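You will see two complexes here that share chain A, one where it goes with chain B and one where it goes with chain C.
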Partner chain A sequence: MSVIYDPVHWTPHKNVYDKILLAFVGLYLVLFGALEAILHPQVTAETLVIRATGTLAFLMLHIILCIGPLCRLDKRFLPLLYNRRHLGVTMFLIGLTHGVFNIVQFHTQGNVDPLVSLFVSNTHYGSLVRFPFQSLGFFALIILFLMAATSHDFWLKNLTPPAWKVLHMGVYAAYAMIVMHVMLGVIQLEKSPVLIGLTGLGMFSVIGLHVVAAWKQMKKDQAARPSGVHCPISNIPQGFVYACEVADIPDNRAKMLIIHSENIALFKYGNKLSAVHNLCKHQNGPLSEGKIIDGCITCPWHGYQYRPEDGQSPPPFKEMVCTYDVMVEGTKVYVNPQPYPEGTARPPATIHSSWKSLEVISQ
Partner chain B sequence: MQEEFYIGWQTEAPPSFARVVRRSVTGLCVLVPLTAILITYFQTGFSNGTFEFGKKTELEGIFSENPFPFLTIESGKDATGNPVFQKILLVGKGKFGFQKAEGGGWRVEGEPAFAEAMAGKGVKVSGFLIYNDGKTAMEVESIEIQEEAKEFEKPSTVYRPPSTVHRLPSAVQLRGEITDPKCLLGVMNPGQGKPHRDCAVRCLAGGIAPMLKVTGASGETEYYLLAGANGEALNDRLLEYAGDGVQICGRLEQQDDWWVLYADPATIRRVNKGTLNVGVMCN
Partner chain C sequence: METIRFLVNVFYLYLLAGAVFAALFVWRGAAALDEAAKGISWKTRALLFPGSAALWPVLLRKWLKDGH
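Let's look at the complex of A and B:
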């Protein structure tokens, strides 16, 4: 978190992360080059660069895409997610090297402009087998460029989180194009089933992890929908819905609720209960998987913080989320899914020691 | 027991998180090198094509232009003592052929054209050699007509004996891949197939002679430069076939160590690349 523009907000973790990242990049490129020199001494320098950077960027993209669902399945992978921006930008730069070398190699020094050549040399756009696969790589690179260029939180804030999120979901379109770029390109030259198998294994890993993570999330969403509807008890104000038992929420943690399409994080801290919108303003991280630290809801993805009673980030930060009314009747917790404007203070519901106590926190 | 919680901006990660990260890094220590090993080991090998870029060679010989610009040089003697001639296909810089200029002369891309015709004249050519599978081309840097041309025996009277089954003097149908000789012989490696298609299109569009690479059943290869039935350029007609497997009919002519197929473009058919090694002959 930072309130001033800081190109890289270095932390000890980021330092270590980047060193390991660069070590792996160096290891791959050096090993690839050395193996090519030994196994295929006829390879030209340009082809070596194109293949080394292309395969490395493709491998890195797979790792990047696997981190998200892995974190969904096991939150202990979160440290990999926290610094994924550096991984993504590095992958883009390596992919860019691949793209530039390809354009120089295959399209420069000809009778038309290289970028024109990219699209008019092979015009079999209607054929799958002969499809001009290089154009797919070009458009994927454009998407990855936009993502890398806007990866900083400065752009997240200025583009607004929803727009930023949509833009960065473009990575899936880029991945699909890159897979087709590989399958309709170099794989058509290669005969080894090992290379086709590697590509398939990568796709299977990415798609499989996303499917399993989505299935887990779906189960979680189902569990987050309270079984009760509007409370039939007369002394519960109109609009409140039974959410859970007080004991269902661990101390300083939350329960996720989906009530009438409202995604709510219901936090218990001390003897208080507060509800805020479940999605972090930073990157839509699930606040319900966060924790109350120093009196603030702390997002599990990037550590953004909000006060539970008003949904505002502590000064000098300015992020805000919607708040909701909460009430407790004995051991039962009720939430009104009607959201208040972002940052609206709502007094927490108090959990009394005796279940007979009743306190309605509402208008 | 208090559940561990990770915050990226804190200095220490909880032990269980740190343990998973360490295991992930260990996994990457296997995955990253293994990927490099598998890709480099199992990828299709490269040809022995060579491009002597930066190593300038000067050759003297006789220039011919029908149907392609060749420099004919004497490369040695055969068993009977007759001279053996070698033809060097001349190509331009970048993705350009050695080009016919207005007025009948020739020119190197970016250089002033020779106004006078050079066919049959002795020339000194300077450039970078490109060679593979017994075929040689040269990227021409400069060319000059020699006032005192070296006298050769008439090149067309002395040929090396045919050594492959493809060398039939009658009309033939050949199956192979349309490509360009400059890249295929060594400037690019690999200089064929789908990844190279765009480059082959640019080279053919730039005037480099189109070439058919035919692979025999046992893997031997032969190369056929493609011209129209009357020696006219087929480049524009073949652009859409670059990098593809085709079958094509025509009349074969041997020019020293090169084959030229005077092809009928109407007979071109795309064929599955899987059948490229079936060399079909016809009348």
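Let's look at the complex of A and C:
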């Protein structure tokens, strides 16, 4: 959320995170090297680099893929999500080292172009077991490169968030190709049941966590659907839907609502209630899980801010989200799910002090 | 073999064109598309270079259409 783009928006947390990340990478490489020296003392330095970087990048990709669902299951994992970008770029650089060393070691000795050699050294493209696994690794690396190269906020804004999201969902295609790359590599070269078992365990973890997180999200979405339909009470205008009781929303926090497919964050602050679209413009973070800080809705993921009454980021920032009409009748809150254009000012609904007092007494 | 050699050469040409375009884009194009990219540091320009080289057809179209 900078006025001018920085190369990296450093924070104290990011510094600590990066130090831990680099320590992990260094420790893994040292331990892997030591273990290989004991178990396979005959391997060359190039092979050692290929194996160490390949396994490390694969492990890091699993961690990256597990972070999203873990955060949906337990908010304590959120700090990993805030810094996942650096983990992703580091993983790509390690994967790139693996790829470059492979090409240098196996495809630069002859008189054929190294990339041509990569694709023609094994031509069993019709075979499942003997399929040229190196080509799969190459295409996966291209996807990971595109993701790493477009990880800066400039790309998110200028490619547009939906296009950026689609591009970055390519990680699943890359993961599928890398799993095949590893499995075929193990089958064709290593024949190690331990490596096949570890790859299977990794896949099981990634798929299992995604299924559990999706199930939990589905339950959450169901809970966010108000039970009432269009309000039959005569003094509630047409289009408004019963959302919840005033007391259901903690102060300076929000309740997530899904009404007629609209994903809405209904915020309570002071004696006011405002509703905005639930997805942050930055990376689709859930605004309803954020809180009001300095009078602004603050996204829990990267701290992007919006004014609750008009959905606009405070100047000089320019991000905007849709707004909705809210009204309060007694202790009941009603929301009209018809969105206003992004950044449209809507008057907040006021909680009458008598009801506010009743709420305090009831708590 | 010949088909693969041809495709690899196309890939190299794409990268070469991308590198030339990216140099121009991080120098002028990024700022023409995005106010927040005006006056960015050389480090930020270097960070934008690989993506600009890879996505040059998309950016060229956008630069011609929306650039100011």
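In this text, the second predicted complex is superposed on the first by the 346 of 363 C-alpha atoms of A that agree within 3 Å, B and C clash if a C-alpha of one lies under 4 Å from a C-alpha of the other, contacts with A are read in each partner's own complex, and residues count from 1 in each chain.
As a working rule, a contact is a pair of C-beta atoms (placed from the backbone, for glycine too) under 8 Å apart; a residue touches a chain by one contact, two chains touch by 3 or more.
The model shown is predicted, which means the values in this text are computed figures rather than measured ones.
Using the contact criterion defined above for the overlaid structures, shared-chain residue A:G110 touches chain B, although it does not reach chain C.
Residue contacts after overlaying the shared chain place A:E190 against chain B, while chain C stays out of touching range.
Between chain B and chain C, more residues of chain A are touched by B. By the touch criterion defined above, A:A223 lies against neither chain B nor chain C after alignment on the C-alpha atoms of chain A. Of the two partner chains, neither chain B nor chain C is touched by A:L201. By the document's definition of touching, of the two partners only chain B reaches A:P79; chain C does not. In the superposition on chain A, A:H152 makes contact with chain C only, not with chain B.
When the shared chain is aligned, chain B comes close enough to touch A:T55, but chain C does not. Residues 3, 5-11, 13, 16-21, 24-25, 28, 31-33, 35-49, 51, 93-96, 188-190, 193-199, 201-203, 205-206, 240, 242-244 of chain B are the ones touching chain A in the complex.
Here chain A touches chain C in the complex through residues 2-7, 113, 115-116, 119-120, 145-146, 148-150, 152, 154-155, 157-159, going by the rule given at the top.
Remark: chain A residues 1, 11-13, 20, 24, 27-28, 31-32, 35-36, 39-40, 42-44, 46-47, 51, 55, 59, 63, 74-80, 82-83, 105-112, 117-118, 121-124, 130, 132-134, 184-186, 188-192, 194-195, 198, 250, 253, 290-291, 293, 298, 300, 302-303 touch chain B in the complex.
Of all residues in chain C, those touching chain A in their complex are 1, 4-5, 8, 11, 30, 33-34, 36-41, 43-44, 46-48, 50-51, 54-55, 58, 62.
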